[in-house]
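Below, subunit A partners subunit B and then partners subunit C, in two separate complexes.
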Partner chain A sequence: MSIEVKNVSRVYGSFAALNNVSLSVKKGELIALLGPSGSGKTTLLRIIAGLDWPDAGDISLNGKSVIGEGASERGVGFVFQHYALFKHLSVFENVAFGLRVRPRATRPSNDEIKDRVMRLLKLVQIDWLADRSVTQLSGGQRQRVALARALAIEPEVLMLDEPFGALDAKVRLELRRWMRRLHEEMGMTTIFVTHDQEEAMELADRVVVMGQGKIEQIGTPQQIYGHPINPFVYEFLGQVNRLPCTVAGGVATIPGVAVEPSFRVRQFDGPGVAYIRPHDLEATPGKDDGVVRVLAPSGPTIKFEVELKNGNGSVEVQMNTGRFEALKIAPGMSVGLIAHTFKVFDPSQVDGEANGTTSSAAHA
Partner chain B sequence: MPAEFDSFTSGNVETRRRRLLTEPPVVRTTLLTLGIGFLVLFIGLPLVTVFTEALRKGWDAYLSALHEPAAFAAIELTLTVAAISVPLNMVFGVIAAWCITKFEFRGKSFLITLIDLPFSVSPVISGLVFVLMFGLQGWFGHWLSDNNIKIIFATPGIVLATIFVTFPFVARELIPLMQQQGTEEEEAAVILGANGWQTFWRVTLPNIKWALLYGVLLCNARAMGEFGAVSVVSGHIRGKTNTMPLHTEILYNEYNFVAAFAVASLLALLALVTLVAKSILEWKLKQAHALHAKSIANAES
Partner chain C sequence: MTFSLFKSNPGSRRSVIPGFGITLGLTITWLSLIVLIPLAGLFLKSATLSFDQIVAILTSPRTLSALRVSFGISLGAAAINAVFGVIVAWILVRYDFPFKRVADAFVDIPFALPTAVAGIALTSLYAPNGWIGSLLEPLGIKVAFTPLGILVALVFIGLPFVVRTVQPVIEDMDKELEEAATALGATRRQIIWRVILPVIFPSIATGFALAFARAVGEYGSVIFIAGNLPLVSEIAPLLIVIRLNEFAYAQATTIAAAMLVISFVLLFIINLLQRWSARYAR
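And now, the complex of A and B:
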């Protein structure tokens, strides 16, 4: 089912939770809504599902406006952030709910319901829990029940609100992979909310980055990560160093940091702010741009801080551990810095100071 | 996280309780004696008195006092009034609690205050309000008497007064529970295709059933035992508009002690049954609350 969101706004009191949001999703796509807390992800999802109404704008499913239809008529599968399982029902009955409430004419027989529910429970790998009360399940098991329950009505669209948010890292990874496979098998249009950029990047065909009730950028994970269109998206997708720079004829100069000679900045001229990811910076011994301060080794790469000599604060550098060891870099050592690739934004687009390191909320 | 927090606080309660138990024995015994003595004196003794007075002249006198037509009529009226007002209040209470907890609207806090009004007004005043409205001199008095409808000094008046006085019980019991439970499960039901009615029967009601029963129980106890408001609207017509509490008072004023206490003993029995049912329900309710808390904790852990 294709989804078309046109100029949707939603205002709570005087606060605009969604401000003129437009989005179109093709049939069979897997879309991630990514954004910081309070950016309106849940609100948008609820409006598409029919649990909330826009103050302006239109929602179409399969090209037909559904603004006049309630949630029960839209045939959308929804997995709530805290699952919202029916506490008084067993796992089986939770999954069977959507079939049992159908009008008699379209309601499957008891045997069919049993068949279908057990098939779904097998699919989500918890058929052995069918008779358990949902209050006796672990978080991951609840998540699977919620998913099976949503799938039972054979929705053409599946929406998941932070489906993995409440799970521990290992279960999260496992369910994530499993969901990707499920999507490939069943091929239904899927939208999921997350504030974890890694999750969005790994799972989604396209990522929708939201901030403050607006869509900042829509694109494939590669587009979003490689070409963030504004500082907000850039910062949200990972750690970044911000340093003042000037660009003349495509050549950027950053005080205190050397720039890869072949690197050109496109469509920019004059003073700006360079956004450099830690792994796009490299430290080299024998020069004197800054002093190595703190080291944080983490497996194949190593992260460290370099305090700039010119007083522009410190930058974070991430390097290959092998290369790092070959260069024999140690705390207190003076090093030179070279930036391989980065992006320059207009200072007026940037809030806060133009130097130092920032990290995204999701990265923490 | 909440689970941890819980065990932390309950650990605290545990130590506090232990400290209470380590009070010097003298203090402990004195406090206990005082507490139990108070209970016996003010609650146990009157209860025993009711039954001993009722049975003073033996079983036969007791039974014949209850078989007397006026007493019988009082019992019948009381049951009728309860049978009408309790189900109505159950329905109204659920509707009121549903509106308050599942929707956002203007004037909500005013509605909550209004629900509590019968508790904060003296029952006698409540009765008087109905007399002022429906009595012969009242607002609708002329119209009613022209149309030959009798409300005051008749069963409808008693029912109305009882409904008014007992309205808050169900709603007050449900509102906190439903607020705690939120609307997520209902939303889940709707999105799975359930209509409003199915959502109520299959999701909301099962979640509130123990609290609802509890409210109904209290509502019923009060409906059968209400004196003040009913006294004002009833007119005390023997065999016609006397409920059990009113009939007890009349018998007592006529120095017919055995009969008075016989009727009173039925009310006391009702109270005892209510008490037992109440403790069972409280236990069930606690389970339901714990279940809810547990499912939240699990979902967030």
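And now, the complex of A and C:
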């Protein structure tokens, strides 16, 4: 089912939770809504599902406006952030709920319901829990029940609000992969909310980055990560060093950091702020741009801080461990810095000081 | 009304909540002092009569009628309260309207009002020349001085019990449950029957039991409005008082003991029903 969100606004009191949001989703796509807390992700999801109504704008499913229809008519599968399972029903009955409430004419027989529910429970790998009370399940198992329950009505659109938010890292990873496979097998349109950029990047066909009730950027994970269109998206997608710079004729100069000679900045001239990812910076011994301070080895790469001599704070550098060891870099050592690629934004677009590292909002 | 004695499972398994022994001991001592010993006295007193005498007292038409009136009308009043109490609680929680807090406070009035005052007020309202009674009179409906009057009084005093037990449960109910049901295609009516009622049923049962227990024991408000005609509108507590005034103590305690046994059985059944309805929610 294709989804078309047109100029949707939602206001709570005087606070605009959604401000003129437009989005179109093709049939069969897997979309991630990514954004910091309070950016309106849940609100947008609920409005598409028909659990909330916009103050302005329109929602179409399969090209037909559904603004006058409630959630029960839209037939959208919805998985709630906190699962919202029926505690008075067993696992089996939770999943069967959507079938049992159908009007008699379209309601499957008891045997069919049993068949279908058991098939779904097998699909989500908890068929052995069918007779349990949902209060006796672990978080991951509840998540699966919620998913099976939403799938039982064979929705053309599946919406998941932070489906893996409350789970530990290992279960998260497992369920994530498994959800991608499920999406490919069932071929329905899927929208899920997350504030974990890694999750969005790994799972989604396209990522919608939201900030403060607006959509900041829509694109494939590569587009979003490689070409963030504004500082907000850049910062949200991972750690970044912000340093003042000047650009003249495509050549950038950053005080305290050398720039790869062949690198050119496009469509920018004058004073700006350079956004440099830690892994696009390299430290070289023998020069004196800054002093190595703190080391944080993490497997194949190593992260460390370099305090700049020119007083512009410190920057974070990420290098691969082999190269790092070959250069024999150690805390207290003076090093030179070279930036391979980066992006320059206008200072007026940037909030806060253009000095040193900012951590990504996702980790905040 | 919850028979908490049956609830926890002591013994071999260790529990995170310490002090089972001492709390159980305290509970039993307290219950004995306050409830069990006086009740035992009641049964001992009736035991001064022979078995045949007891049977004769209990099967006399007047006793049977009084018990039937007391329990029948109490159950009816509790049932009415269960329905309307839930509706009142629902409205108080889910809707906003002017003077909502005042309406909320009004619910407690039957708790606070001396029962005799309630009885007199209701009687004057429902008497053939009262505000409501005069409207019902032309329709041929008599309330005051009939069993219907007893029902009105018992509904009045029982209402807060249901409202106050159900209200917090509705307040705590997750709105997302209703939304989840809607998204699964359920109609409003299906949501009420399949989602809301199962969640609040245990509290309705508790409220019902409380209202019922209160109604069975009610004396003050009923005797004013009932008319107290033996075999028609005489309640068992009144019959007990009459016997006491005649110094027929053993007779009085026999009827009282019968009330006690019947009440206990009924409350026990309600309690079982409540536990059964909450079987998955734990």
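Rule of thumb we're sticking to: the second predicted complex is superposed on the first by the 363 of 364 C-alpha atoms of A that agree within 3 Å, B and C clash if a C-alpha of one lies under 4 Å from a C-alpha of the other, contacts with A are read in each partner's own complex, and residues count from 1 in each chain.
Here is the rule we go by: contacts are C-beta pairs under 8 Å (C-beta built on N, C-alpha and C of every residue); 3 or more make two chains touch, one makes a residue touch a chain.
In this text, all values refer to a predicted model and were calculated from it rather than measured experimentally.
For the composite obtained by superposing both complexes on subunit A, the positions of subunit B and subunit C are in clash. When the shared chain is aligned, subunit B comes close enough to touch A:Ser138, but subunit C does not.
By the touch criterion stated above, A:Ser90 is placed in contact with subunit C alone, subunit B being left untouched.
By the touch criterion defined above, A:Arg264 reaches neither subunit B nor subunit C.
Touch criterion not met for A:Lys122: it reaches neither subunit B nor subunit C. By the touch criterion defined above, A:Ala166 lies against subunit B but remains apart from subunit C after alignment on the C-alpha atoms of chain A. Applying the stated contact rule after C-alpha superposition, one finds that A:Ala71 touches each of subunit B and subunit C. When the two complexes are overlaid on their common chain A, residue A:Lys27 makes contact with neither subunit B nor subunit C.
Looking at subunit A, you'll find residues 49-51, 70-72, 75-78, 80, 82, 84-88, 97-98, 100-102, 134-135, 149-150, 152-153 touch subunit B in one structure and subunit C in the other.
The residues of subunit A lying in touch with subunit B in their complex are 49-51, 70-72, 75-78, 80, 82-88, 97-98, 100-102, 134-135, 137-139, 142, 149-150, 152-153, 166.
The residues of subunit C lying in touch with subunit A in their complex are 174, 176-177, 179-187, 190, 194-195, 198-199, 278, 280-282. Subunit A contributes residues 49-51, 70-72, 75-78, 80, 82, 84-90, 97-98, 100-102, 133-135, 149-150, 152-153 to its touches with subunit C in the complex. Across the complex, subunit B meets subunit A through its residues 184-185, 187-195, 198, 202-203, 206-207, 291-292, 294-296, 298-301.
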